[in-house]
Structures are given as C-alpha cells and as structure tokens.
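Next, two complexes with chain A in common: one pairs it with chain B, the other with chain C.
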Partner chain A sequence: MAEARVSHALVQIGAVLLALLLTTLVLLASKAPPFAAYANIVLGAVGSWEVIANVLVSWVPLLLATAGLLLTFTVGLWNIGIEGQITLGAIFTTWALRVLQASGMNPALIIAVSFLAGIMGGALWAMLAGALKTFGGVNEIFGGLGLNFVATALNLWLIFGPWKRPGVASMSGTVPFDHSLWLPTLTAQSRLSPAALLVAILSIALVYSLIQGTYFGLRLKAVGKNPHAAFLLGVPTWQYMMASFALCGVFAGLAGAVQVTSVYHRLIPSISSGYGYLGLMVAMLVNFRASLAAPVALFFAALNVGSIQLPIVLKLDSSLAGVLQGTLVLFVLFAQGARQRLLKGRSG
Partner chain B sequence: MQVELQSIHKSFGPVHANAGITVTIPPATIQGILGENGAGKSTLMKVLSGFIAPDSGTIFLDGRPVVIQSPADAIGLGIGMLHQDPLDFPPMRLLDNFILGRKGGLFPDRRTTTRQFLELAARFEFHLSPDAYVDTLTVGERQQLEILRLLWCGAQVLILDEPTTGISQPQKEKLFDTLKKLASQGMTIIFVSHKLEDVEFLCSRVAVLRQGSLTGVALPPYVTKELVQMMFGREIALSAKPPAGPGGAVLSLTGVSLEGARLLIKDVTFQARAGEIIGLAGMEGSGQSIFLSACAGLHRPVSGSIALAERDATGRSHHYFKKHGVAYLPAARLEQGLVPGLSLSDHFVLSEGIRGFFIDRRRATRLAEDRISSYNIKGGPSNTVESLSGGNQQRMLLALLRDPLSLILLEHPTRGLDIESTIYVWAKLRERCAQGTAILFISADLDEVLQYSDRVVVFFAGRVSPLLPAESLSVESLGELIGGKGWDSFGKGAAGG
Partner chain C sequence: MNGELILVGLAGVLTAAAPLLFGVIGETFSERAGVINLSMNGTILLSAMGGFAVALATGSVVLGFLAGAAIGGLVALIVAFASITLRQSQVAVGFVLTLLCRDLSYFLGNPIMGETGPRLGTISLPVLGSLPVAGTLLFRHDIMTFLSFLLTVVAWIFIFRTRPGLKLRGIGERPAAAYVRGANVNLLRYLYTVLGGALAGLAGPIYSLSVKAGWKGTISGLDGIGWIVLAITIFGGWSPFRVALGAYLFSLLQWLGLVLQPALPGIPSQVLQVAPFPLMILTLLLVNIGNAEWVERSLARLPAPVRRAVARALRALNVTPPAALGIPFQKE
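Here is the complex of A and B:
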C-alpha cells in the first residue's frame, strides 16, 4: 500500500514536470524567456496583498463550480452544461436585483433574495439538462453543451435588448448596480468578499462530507459505478441523478450570483468567465476526490491571476495560464492511465 | 499442436495461484482441466492465452519455446481462448464483431466475410445470423459466435473456460459434438471445468488442480471418487431434498402476457406458495428470464395481473416489489448485482436502506463483519466486491438479502460455482424456505432443477408448461420438454397453479 502511494506521488510529480517542460517549449517557440515568464506568473499571483486577494476572488467561483461538478461526477454524469448554469445563475441574480433595487427594501435582504434567485436559476438550468437525460434520453454532454449556447444567447439578448444601458447597448454589460447592492468587500478597492469566500469554503466542505459520510453520497457513488446494481439494491436511480444535477446547479448558480454581486456588479456577456470548464479540469485533475479540490482550484486561480500581467510585461498573451492548466490535466490523466497499465501488467 | 506448460508460477499478492504447474497436452485431444473455484485453472489458461504474464515458467508449442505477451500474440500463434463471460461487443452486429478480431485493410471485405461466416456456421449447424445484434444472443449463442471467430482467426488450440455454465442441455450437447469434431480434425482442445460429469463425458485426458498445484492426471475410464479426491482432497456427498410443506400463495399471475425482444409469452396463470422451490427450466432465451423479471416488477406485462400475496402489484416498479418482500438476484453478479469499486461494507449499508443522514461507519463495519462470518465470505469489510471470487460474490449477494422475504427470484444461482459453494448456496436458500419464503430459480443444469425444486415449469419458445411436480420428471423427460417434445398433453400452454 505504502509503495503504491509513493509510486502514485512520483507519477503525479513527473506529470507536473512534464507539463512545465511542454509549456517551456511553447514559450521557447514563441521566443519568450521562460524563467522570466514563470517568475512573472508567481509574482503576479503572490507578489502583493492585492494580487493575493484577486486570486481568492477567482478561487470562489472556481471552487463553487468544482464542488458542484464533484457531485455530478460521483453519480457518473458529465455536467458540461455547468457554464450555462453559472450564466443562468447570474441572469436570475441580476433579474432579482433589477426588480427589487427600487423597492426600498433593506439592501442586505435584496442581496439575499438575489442569491436565492441565482441558486434557482442554476438549479433550473441543470435540471433541464438532467430531465433531457432522464426522460428524453439525451446524453447529458450534448444536452449541456446545447443549453450552454442557449444560455449565452439569452444573456446577450438581455444585455443588448431588454436590459440594455440607456442610450446605447454595449459589450460592457448592463448598468452597474448601486453600491448598496454590492456584496461587502474586505477593503474599498478589493473585490474580495469575505461572505462569498465563506460560502465557497462551506460548499466544498459540504460536498466533501456528503460524498464521504452520508447515505446520499454512498447512493450517488453506487449509481455512478453501476446503475443497474444500484437499482436492484433499492436505490431510486434517476431520482438520484436528478438530485445531483439540481445540487450542481445550486452551486453553479451561487457562482453566478457571486460574479454579479461581488465581482462585476452587473451582468456582462462573459459572466461565467469559463469557470465551469476550468472546474471540469480541476475535478479531473483531482481524480474526482473532494479532499484535493480546494488546493488545486486555488492553484488554478493563482495561475489565472498570475498571468494577467504577462501581456504588459513580456508582450505574451495571458492564455499561457490556460496552456499550463490544459497540459497539466492532460499529463496527469496520461500518467494515471500509464501507471494503471503498468501495475496491471505486473500483477495481472 | 502440442502444448507444453513448464513450471508455471504466478502469484497475486499473497495468493500463489499457480505454484509450478507442468502439463503436456498432445495434439488432437480434448484435455480436461479440472478443479474447484480458485484452484488456479483460469489463471493457468490466462497465462497460456497471453492475458497475464507468468512470474516464471516456459510455454512450448510443438517443442519450441514461445513468449506470449498479449492475447494478440496468442492468437498469432494459434491459441484462442473462450472466456467464462464471452468478450464481445454487445451493441454491434455479429459480423462486425467477427471482423473486429482480425487484422486487415482499412475496408473490411464484408461480402467474403459474410460468406465465410455462413459456411463456418453451417459446418457446425449454428443458427446465427450475421446481421443480428450481439446483445440479442443468449450466452450459448455468444459462445458459438466466439468459437467461430477463433476458428476463423486460425486458432489451432482452443481453450474453453467453464463453457457449460449458463447454457442449456441441447446447446451443451451441440457444443460437445462440435468439440469432438474439432479434436478429430487435429485441434487441441483445452476444456476447463469444475463439473465432473462434463469432464468425464467429454475429455480424453484430465489434469486436476487444487490450490495452485497439479494434484494428478487421469485417463479414461475415470473413477469419479478418485477425481473428487484429487479436486478436494476428500470426498463430498450431495445432500438429499427435504420434504416441503408449502403454505399460502405469495405470488399469483393471472392471464399474464409478456413481450420479449424476440418472443411472446401468452396468457400465463401461475401461483407460487410460501416455502416451496420452483425451478424454471428451458433453453436459454425461451422466456424464463423475462418471466422472472416480470415476477420482480422489472418487466411490465402487456396484459394480465400480478399479485403479491393478496395485494395487486400489476404495473408497479421493482422497488414496490422489493418493499413487499421480493428479492431478485441476477445472473451477472458483478455486472448487475454488485457495484464494483464499492466495499463489502458499503454494500451492506446500501442494501439495508437509509437510516438517518450520516452513515454510522462503526455500525456498518460491525454489520459487515457479522454477515461476512455468517455467510462464510472470504474477504474483509473494506475489500471491494470485484476482489472476491465468483463463489464469494454469490455468497455476498445472498448475504445482502433482507429479512423477512416472501419471495426470492434467482437467475442461475450456482453458475460458475464449485460443488462446495453450490451446496452452501442451496443450504442457505433452504433455510429461507423453511421460514416460509418461496423461491423461483432459473437453471440450465437439469440435475440442479430436479434436485432442488418441488415443482418445475418448463419454457419452450415462449410457451409455458403447467407446474409439474419434480418427482414426476426425470432428466430425460425434462430434456425432451425443453427441446419441445411432449407438449401436446398440456393443451394451450397455460401454467396452472
């Protein structure tokens, strides 16, 4: 056992080194100094309190998305539609804020209601994908992908149509909400909201304990690993699939609500910012184990934020972070597969 | 081709599955490999067919040492293996499945292959259509397909791992004829089984394994006692059937019609009474599987009504049946009955239903330890189910049954189990019967049907016989009914309670 754990760790480290090597080659090919670029990313992620706060701002929606995805992966489903679910969460949140902003209600109450609306939006969109899967026989990957496009279109229509800025509609989104409707942040300049941070940490903790210690989690696992046997053992299979979709939608909706209330303070075209897809990568990288999701998501958030400075300082595109994240996932998955093959070859 | 295995060693962790086995198999023979479950038969054959690499030892083909590293190597050398569970691609057509196994150009020549397929099938009188989908075949037919495919790929050595489990008597006879024909044409057949009668009947020589070692070889005429001695190290007697005292009806079918993929069961009226054992006999795919599924609420009847005790349950879900004391144990244990990746203890937690929100792990482990020891399962609470052997998986399924039950439905309860496990399984099932549980089971083993059933229902192409007292049947008369003879005396084909 101990030997297996050591070999597992070695394989993971090897995969990380390979990913770094490949990214370095990409940098060399684009005639950029690799070490300067890496140093820049590190400094850009931890160089000051301000950037550290930004990393945490980015961590919150990513962690929320990952938490939700861990549930759908556990039940054996690929919720690609999470991007759309985040978007719908943001749309519903914006809608609630728009409706209530002039009502004279307590701002804290309005924000709370808008969060609930966001949760509903995400859950609704997720259950739509789940229903298509369960009752319509549409593979959740195709259904989710389709719904992502619908969500994006809906979002753009709202921004350029009914919710457009007075005068001229623009890609910069709807009119920002009043300061009183912003989620309180740590400092006046920062966008880091302690409340949002707390919600994200509680969410991943909740998902971890759900999967590890509850009947619900065990039944999700059983359905994920063998739906037929789970059904014969008395688990209502499709209800659990729907439940996992709905819960994932709740977390995605929360991510959308956080994006609106504490980061952008309005609805923008790319409100989901790719956190859903990034969450898929994090979930794959941690091999669907909730215990590692928080640190890995933090690392990915740091890469994202750290590379923001690259275009300015080194005239490199900030998508370098994406290259590193993508190769990392590929190599780790590859290394896991290779290790399993080797072990199999040795023991039969 | 002469096959020689020389001091083959293979260990899985602490288990020495093959401890220096040396066997020589001459060409044009049917070599039996006999042994109980876990004796090392499958491991030895997997070594020969390239699925696993031995720790040490050499394989000689016609006196030449060879290295076999993959199943592709093996088939390249002329060694083909027919697995216990056929390895095919269910959602594909037979022909595609056939073509897949062979190297070829980018575009397979379908017309020639179809012709060759039909020729081969005709040679052995296998009724297989190249355009049918694999998942519509019975286990017996899938086996026939696999034999054809291996021959087509040029196999000269054919390994069959427990080929008679799960197929019916006529299919078995056909298989045996085929094997004899192949051996007479010079093929080397290796027949792996734990069934004494099959081995005695078919094989021209036998090697017996026990706990990873070769305990003896025998030539005909065989002395059963000696073979049993070599297999188990002692003699085992089969127990006799106790008298049954059936009670009230636990399951009643009235005028039930069922629609299967390829057959129709019409207007069956049937009743199972508390405490009795009913055997469902018939060629694989004759309707007994859908019948059993319908009794479990897994298959909805097109007409008629099903009642549990006095309660109408027509059209209800399996979970309704389960709630009212019906348990269903599928034939494919690992594929349908158990959840690979979950531990034994997880399974017990799942089967006992929800108690609160959080799982009490300590209680779960205690429960698992309890059941593991009372059902004599070789494994710990934290082991995964796929690490168990076939016999232990079946014990696990029995251990998962809840209390009390009014009806247990089993598909091939002892398929692939050795004699000891079989006796154990039936002892446990009879304990249930004594408590008033009725048992319906499907089996392809006629002896098993006759030995354990109080009454028997025979299926033939969707027709259902009345309930026949087991005493009134013999292996021969039952075999005839299964083959479709002697049905006139039953009239319209409705089963009477």
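Here is the complex of A and C:
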C-alpha cells in the first residue's frame, strides 16, 4: 500500500516535469526566454500582496465551479454546461439587483436576495441540461454546450438590449451598481471579498463531506459506478442525476453571483471567464477527489493571474497559462494510464 | 434583394460549409470506428493557425493544408494512444486537448496575428462554370469546396459499399465479432481516428487560407466551430449524406442570420450568430427522444393509428450511435 502510494507520487511528479518540459519547448519554439517567462508568472502570482489577493479573487469562482463539478462527476456526468450555468447565475443576480436597487430595502438584504436569485439561475440552467439528458436522451455534453452558447447569447442580448447603458450599449457591460450593493472587500482597492472566500471554502468542504460521509454521497457514487446496478438495488437513478445537476448549478450560480457582486459590480459579456471549463480541468487533475481540489484550484488560479503580465513584459500571449495547465492534465492522464498498465502487467 | 445576390449568397453557404464537411466526415470516420475525438474545437483552431503559419512562411498553400492535416492527425493520435493503449476516458483526453490546442494556437499564433498571407484562388470549371444559375452556385469555387462535395460521396461509398467500410462499421458496432473474423480492432481504430483527425485538420486551413483568411487569435471567430462539428455528427447519425445535410443547414442558418439582421434592428449581431444553437439542441432532442423509455411508455397508451404515425415519424428522425462508441476493446 505504502509502495503503491510512493509510486503514485513518483508518477505524478514525472507528469509535472514532463508538462514543464513540453511547455518549455513551446516557449523555445516561439523564441521566448523560458526562464524569464516562468519568473514572470511566479512574480505575477506571488510578487505582492495585491497580486496574491487577485489570485484569491480568481480562486473563489474556480473553487465553486470545481465543487459543483465534483458532484456531477461522482454520478458519472460531464457537466460541460457549467459555463452557461455560471452565466445564468450572474444574469439572475444582476436581475435581482436591478429590480431591488431602488426599493429602499436594506442593501445587505438585497445582496442576499440577489445571491439566492443567482443560485436559482444556475440551478435552473443545470436542470435544463439534466432534463434534456434524462428525458430527452440528449447527451449532457452536447446539451450543455448548446446551452452555453444560448446563455452567452442571452447575456449579450441583455447587455446590448434591455439592460444597455443609457446612451450607447457597449462590450463593457451594464451600468455599475451603487457602492452600497458591492460585496464588502478586504481593502478599498482590492476586489477580494472575505464573504465570497468563506462561501467558496464552505462549499468545497460541504461537497467533500457530502461525497465522503453521507448516504446521499454513497448513492451518488453507486449511480456513477454502475447506473443499472444502482437502479436494480433501488436507487432512483434519474432523480439522483437531476439532483447532482441541480446542486452543481447551485455552486455555478454562486460563482456567477460572486462575479457580479464582488468582482465586476455589473454584468459583462464574458462574465463566466472560462472558470467552468477550468474547473473541469481541476476536477480531472485531482482525479475527481474533493480533498485535493482546493490546493490545485489555487495553483491554477495563480497560473492564470501570474500570466496576465506576460503580454506587457515579454510580448507573449497570456494563454501560456492554459498551455501549462493543459499539458499538466494531459500528462497526468497519461501517467495514470501508464501506471495502471504497469500494475496490471506485474500482477498478471 | 435580387436573384443574383441570393445566388451568390447561396454559393457562399456552400463555401462556408466546406470546412464543416471535412470536420464532420472526419469525426464520422473516427466515431464509426468507436472512438470519440472530442478535441475537434482545439484541432480546428490549431490546424487553422498552423496551416496559416506554414503557408505564410513558405508561400505555399499546399504545404499549409498538409501542415493542417498533420496537426489534426497528430492530435487524433494522442486521443487514440490515451484511450486505446492507456485506456483513459476518451472524453477526458479529448476535452483536455480541446483546451490545450486552443491555448497553444493563441500562444504560438501571437507573432503572426493579423498578417496577410496566401489564400486559395477560385476556380471556374470549364463549360460548367459559365452555366447560368448552376455555374455560380456549384461550379465556381475554391478547390477545397469542390473536394468537400467529392469527399461526402466518397465517404458514403467507402463506409456503406466496400469491404473495408464494412470492417470499419464492424469494429464500431461489434468489435468482438470483428476480432473473431480477423480484424485487428485496435490497430484499425488507431488508423481511422488518425485519418478522421487529419480530415478535420484540413478544416482549419480551409478557414485560415480561404473562408476567413488569416489568423486573428481570439477574434478569429473559429472558437466554437469544433463543437458544432461534434453536434452535427450526432445529428447526422454517423452517415455521410446526413452529416453533410446538417453542415449545409447550419451554414444556411448562419447566412440567414446575417441577411436578416437589417430587418431585425433590435437584436445584436452576436445573438443572431448563435441562433443555430437552440435549433441544434432542438434537433438533437428530436433525433434522440425516440430512444427514451418514457416516450415508448406514453406511446403505448395512444390509440393505434396515432401511435403508429408518431412512432414512424420518430423512427425516421431517430439515430442510434455505433454500439461500441467510447468503449475500449479488450481481447479476452
């Protein structure tokens, strides 16, 4: 057992080294100085309190998305539609804020209601993908993708149509909300909201205990391992699939609500910022185990924030972060496969 | 709008569908063999960038297309290796490659962004090209559009009318039976996945060297095409003519969105561009709903004539995937 764990760790380290090697080759291929690029990313992620706070700002929605996705992965579903669920969460949040902003209600209460609205938006969009899957036989990947595009269109229509800025509508989004409706942040300049951070940490903890320590989690796992057998044993299969979709939508909706209330203070065209897809990568990298999700999501957030300065300092595209993340997940998948083959070869 | 303009527009629809055709036929080969190559979106972006870069550096459009095919084949080889040899989830590997290739194309393509490079010329077929209506519509295109017409027919004949095609369907439907009859299932799966990837890899340069010439990074307007390709493959029920129909319908809808825009001033252009997607969901629902159990149950309650009519309509629309799609083959 201990030996297996050591070899597992070695394989993972090998995967990380290979990913770094390949990314370095990519850098060399584009005639960029690899060391300077890496140093720039590290500095950009941990070089000052300001950027560290930015990493945490980016960690929150990523962790929320990952938390939700761990639930859908547990029942064996690929919730690619999570991007749209984040967007709908943001749209519903904005909608609630717009309706209530002039009502004279207590701002804290308005924010709370807008979060609830965001949760509903995310959950509804997720259940739509779930219903297409369970009742319509539409593969959740394609239903979800289609719904992502529809969510983007809806978002753009709102920004350029009914919710446009007075005068001229623009890609910069809707009119920012009044300061009283912003989620309180750590310092005046920072966008880091302790409340949002707390919500994200509680969410991943909740998902971890739900999967590891409850009857509900056990049944989710049963459906994920073998839906037919689970059904024969009396697990209401489609209800569990719908429940995992809805719960994932809840966390996605929360991510959208956080983006609106604490990061952008308005609705913008790319409000989901790719956190849903990145969450899928994090979930894959931790091999769908909740215990490692938080640190890995933090690492991915650091890469994203760290690479923001690359275009300015080194004239490199910031997609380098994505290249590093992608090769990392790819080699970890390779390593898992290679390890399974080796172990099987030894036992048989 | 006058007739000539509509004709040119429709000819444009055929041109715009050419890259989609290479994508959907490529994916059809791969999925017929039992392997989902989910990396389409990344494959098309990376081959578009790579094909353009090579054509720009060498001045040769042909080398650009070869580079695109090589990139597509290589990405498909990674999918095949990870799923067939290493037995990892096809969806997982494909999804990672989708994002990885997209980011690679943006990163590596950064220096050549916005440059003007070579592009495909239009060929007017002798005699046919000067026909009144059909000439404009069908016989004055670039070479890849002509090849896309041909590809559809050749793919159909290969899959449904030849022995290797029968074997291809066999390894996707009943790999064990195909194995017993002497087919090297995993080798063939490698082969068709790489072939399919190479075909899809031609889609990229068709964009960057013709349909949307050049490389413009994130605003190239290519992000999302690969997902469409995957959806059309399902819609088309893994049959070349039906997937081709899907590609043309999609291309037609996008053109209509552009044409109708002035008539609908309240709707921003970004919204009309995504109009095909809700329709895509709807068609996927229509072609799949016949497989759902509750539909069968509720059909049974209807009076016989209605039931027969509905069942027939559903069956006509219905598609069933290759039985072993996504399932690794192990000889034991």
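Note that the second predicted complex is superposed on the first by the 348 of 348 C-alpha atoms of A that agree within 3 Å, B and C clash if a C-alpha of one lies under 4 Å from a C-alpha of the other, contacts with A are read in each partner's own complex, and residues count from 1 in each chain.
The rule we apply is simple: contacts are C-beta pairs under 8 Å (C-beta built on N, C-alpha and C of every residue); 3 or more make two chains touch, one makes a residue touch a chain.
Everything quoted here is computed from the prediction, not taken from an experiment.
Engineer: Specify the outcome, clash or fit, for chain B and chain C once both structures are aligned onto chain A.
Structural biologist: These partners clash in the superposed model.
Engineer: Going by the contact rule set out at the top, does A:Val11 touch chain B (first), chain C (second), both, or neither?
Structural biologist: neither
Engineer: For A:Ile110, is the partner it touches chain B (first), chain C (second), both, or none of the two (neither)?
Structural biologist: After superposition on chain A, A:Ile110 lies in contact with neither partner.
Engineer: In the superposed arrangement, does A:Phe216 touch chain B (first), chain C (second), both or neither?
Structural biologist: first
Engineer: Under the stated touch criterion, name the partner, chain B or chain C, that contacts more residues in chain A.
Structural biologist: C
Engineer: Where does A:Val260 make contact in the superposed view: on chain B (first), on chain C (second), on both, or on neither?
Structural biologist: Touch status of A:Val260: no partner.
Engineer: Given the touch rule stated above, what does A:Pro236 touch, chain B (first), chain C (second), both, or neither?
Structural biologist: Once the two structures are laid over each other on A, A:Pro236 reaches chain B alone.
Engineer: Would you sort A:Asn226 into first (chain B), second (chain C), both or neither based on which partner it touches?
Structural biologist: Once the two structures are laid over each other on A, A:Asn226 reaches chain B alone.
Engineer: Of the two partner chains, chain B (first) and chain C (second), which one does A:Met284 touch, if any: first, second, both, or neither?
Structural biologist: Touch partner of A:Met284: chain C, not chain B.
Engineer: In the superposed model, where does chain B crash into chain C, at 97-105, 169-177, 259-267 or 295-303?
Structural biologist: The stretch that clashes with chain C is 97-105.
Engineer: Across the complex, what residues on chain C touch chain A?
Structural biologist: 38, 78, 82, 85-88, 91-93, 95-97, 99-100, 102-104, 106-108, 110-111, 217, 224, 227, 230-231, 234, 266-268, 270-271, 274-275, 277-278, 280-281, 284-285, 288-292, 294
Engineer: In the complex formed with chain B, which residues of chain A make contact?
Structural biologist: Its residues touching chain B are 213-216, 218-219, 221-222, 225-226, 228-236, 345, 347-348.
Engineer: So in the complex, the part of chain A that touches chain C is made up of which residues?
Structural biologist: 26, 29-30, 78, 80, 132, 135-139, 141-143, 145-147, 149-150, 152-153, 156-157, 160-161, 169, 277, 280-281, 284, 315-317, 319-323, 325-327, 329-330, 333-334, 336-338, 340-341
Engineer: Which residues, counting only chain B, touch chain A once they are in their complex?
Structural biologist: 10, 12-13, 43, 46, 51-53, 318-319, 322, 328, 330, 335-342, 346-347, 349-351, 353-359, 361, 400
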